[in-house]
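In what comes next, subunit A is part of two complexes: it sits with subunit B in the first one and with subunit C in the second one.
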Partner chain A sequence: MSQNFSLFTRMNKDLPLSILHELTYEIQVSEVMSPQISTLPSTISMRDVKNVMRSQRISGIPIVSAEQQKLLGLVSVEDLIRALEQNKLDAAVTEFMATNLITALDEEPVVEALKRLERTGFGRLVVVDKKGNLAGILTKGDIMAGLLRALEKTYHRVEQLQQDEQSHHFFAALNSDETSLTLRYRVRAGDFIKGGQASSNIKKALQHIGATPQLARRVAIATYEIEINLIIHTDDGGYIVAEVRPAQIKVVAHDDGPGIADVSLARQPGYSTASSKAREMGFGAGMGLVNAERCADELHVWSALTVGTRVEMIFNVAVP
Partner chain B sequence: MKANEIAAVIDGEVLVSPAVDVEVEYAFAADLMSDILAFARPQILMLTGLINPQTIRTAEMSDIPLILFVRGKRPPKLLLNMAQAAGIGVLLSAHSMYETSGLLYQAGLSGIGKLSVVQQR
Partner chain C sequence: MKLEKIVAELDLQVLAGTAQLEREAQGCYIADLLSCVMAGAQPDQLWFTLQTHLNIIAIASMLEVAAIVVTEAAPIAPATVERAAAEGVILLSSTEPTYETVAKLIQAGY
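Entry: the complex of A and B
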């Protein structure tokens, strides 16, 4: 997964050739080999080999000892041609097969196998697993086909990525003299179970329309503190309204009471009138408005006793 | 440190695996949600003894990927479901906040450093 990702991050910059090269490092032999494990015993003749190759349309067959199934060699189309040339189709396979076997490990990267093919000039490698058991056959053709498949997948994923990217700019695609998105939530007093949903939904909405993680986080934290205040300090809860514009986000919380007697006092760190219930829930440290102010670019509080409270926060969207 | 390594260090449990098996470099411990909201950085481990839905919300708002509940307080299913839905991993330690923090600190998980002093009302 992480390896594929590394490939992606480089894809935009690199030439396709270097991607191919990269893929040879990232793809395992087992992903591209022919997992054809049909073997033939060492007792058969080259004529039998010819028949099997023709009927199964394969160009290389591992030869194993009749008793222990031990890998003895590999007979290839080239060996068969030599036998035909010498008119020795009835000779034993052991006379023509290659015995100095060049193997590839199923778990190694394709690039290693490719190097070995190049170095030895062999047409195919026998693939074995860690325990030495036969796993398949690998030809240059297999590698090519496997790389093309992987390349195709890679491009599909890049296309997908580009589509996702586009949906991130839907604001930019909406053309009007004034574009805005309004999200409105009712927040109930004393609701510690559902509490925080407004903030959570606003955060998700911002992420959807492509806000940076930093922007989404600071709006979420500030809104959450203000939402909690509606839950723990008001008689009947209140409303949270987020107005999202391309350059600025405004979040307003308003309620109908009880109101704040001294707003500047309420905004000082550590000042709190929170109930013991609110404290049990981990709030009421008198840091809410301070936190919100730190996260927002502007924070305004209007309040009157018995009338209600209105908290307005402005977040500027930084242009990249 | 990843969730599994943290669980091993504190001899605890992973109750919910995080959506992404993140590597956290710092931890912050508090029972006050406002303290977490104010001081915690994103992508850190949060230690708390407070068990309620707002604990999960707090982590969600703060981009915290892992919560470690201390003092052997096993959270109810509702909280675990909430965490799962938010992609947040949940761990449980049977040690106190002090001992859990000590074990993790000893294992190389740093704190967020000294904070500024603010006069309280």
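Entry: the complex of A and C
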């Protein structure tokens, strides 16, 4: 018992005090105790106790009154040894069990139970709930195991944080003379239902590789506008290709027609050739290219009637 | 103001995002022309609209608005609600017209 005792004293001395200490305040007794407890009636003998302890490999058993299941005491290995020494294995358990029970509340922090264990030198505490009903049993081993579990969780959390931090540096993990990532999307004409999927996926990809929220949003808004243009205005849809480099993101939309008759007119705010169906849905404000241009650092449009259109947008990645 | 308070004050129906009503909203943007919304709406604003098709979810997600408020009890297709839930977009519905809804919001101290 005194060995167990000093183990905790050593833990306090050798390990960084703060985290273990914090954990003993954070964790509740109910989280670390053994909730499934066998009890024994007060009518049995110490010999029965020995058999139960051996077969169930437990070192302390609460003793309850046979009729009312009321907690009467706690019999431990130490009590059993005393009975053996006195050659009184056939004595009633009530003769050897401890009756001045030190209990722990299931809802109190582990640190309180730990203090009680250290003060009394007991190996285990009976855990009761607010109403005084038996809730479980708590040994130093239970506390140790609970603290180790909590430490492991903390460790995983720290590891995760470190990982997240790494991914916050744009492209930091990739080394080459010229690194780029290309994302390609097929956009179908008239497919309003899928409208926004390409831009939404590009946004998620950018966030995933560590772009700032502002950059991801800027690229997503501009891409959304040209994606919707492909849906509203093309004969056969088109493609959106995003080429992502550490210093620059280029998003290109290209299609095979019908082409824009007057590109400079199409770039004027409010000019629209959208169908009435598109307008009903709230598209066709004539603001698509204007919005895209506002978000991009550069926007270029090439178009020829019956041939097709190519919109190219450049976004510079600001160096932090 | 927290969305849960806004929902209670304006008696809104929560169609998607019930679990996210702790989110703070700040400011409003009112428009049905989607390009105007794309150009003007800011993150964390409430977006009031009569549009109910699937695309409003993509826009809300892209812009990170706090919530979409569809007014005048405009019928919303289940597909839109499902997409909102899948994208984590909070979708609210008001039975009153936009003006009355926003007026109430201002009265509530928003």
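Methods note: the second predicted complex is superposed on the first by the 168 of 320 C-alpha atoms of A that agree within 3 Å, B and C clash if a C-alpha of one lies under 4 Å from a C-alpha of the other, contacts with A are read in each partner's own complex, and residues count from 1 in each chain.
Everything below uses one rule, namely that contacts are C-beta pairs under 8 Å (C-beta built on N, C-alpha and C of every residue); 3 or more make two chains touch, one makes a residue touch a chain.
Just so you know, these numbers come straight off a predicted model, no measurement behind them.
Asker: Touch check for A:Q268: first (subunit B), second (subunit C), both, or neither?
Answerer: Only subunit B is touched by A:Q268; subunit C is not.
Asker: Determine, under the contact definition given at the top, whether A:G195 touches first (subunit B), second (subunit C), both, or neither.
Answerer: both
Asker: Of the partners subunit B and subunit C, which touch A:K203 in the superposed model: first, second, both, neither?
Answerer: After superposing on A, A:K203 lies in contact with both subunit B and subunit C.
Asker: Go through the superposed model and pick first if A:R217 touches only subunit B, second if only subunit C, both, or neither.
Answerer: Touch status of A:R217: both partners.
Asker: Check the residue A:G288 against both partner chains and state whether it touches subunit B (first), subunit C (second), both, or neither.
Answerer: both
Asker: If you stack the two complexes on chain A, which partner ends up touching A:E225: first (subunit B), second (subunit C), both, or neither?
Answerer: both
Asker: Of the residues on subunit A, which ones does subunit B touch that subunit C also touches?
Answerer: 192-193, 195-196, 199-200, 203, 213, 217, 220-221, 224-225, 228, 281-283, 285-288, 290-291, 294
Asker: In the complex, go through subunit B and note every residue touching subunit A.
Answerer: That would be residues 31-35, 37-38, 42, 48, 50, 52-55, 57-58, 60-63, 118-121 of subunit B.
Asker: State the interface residues of subunit C toward subunit A in the complex, per the touch definition above.
Answerer: 32-36, 38-39, 43, 49, 51, 53-55, 57-59, 61-64, 79, 87
Asker: Please give the residue numbers of subunit A that touch subunit B in the complex, ascending.
Answerer: 192-193, 195-196, 199-200, 203, 213, 217, 220-221, 224-225, 228, 265, 268-271, 281-283, 285-288, 290-291, 294
Asker: How about subunit A: which of its residues touch subunit C in the complex?
Answerer: Result: residues 192-193, 195-197, 199-200, 203, 213, 217, 220-221, 224-225, 228, 281-283, 285-288, 290-291, 294 of subunit A touch subunit C.
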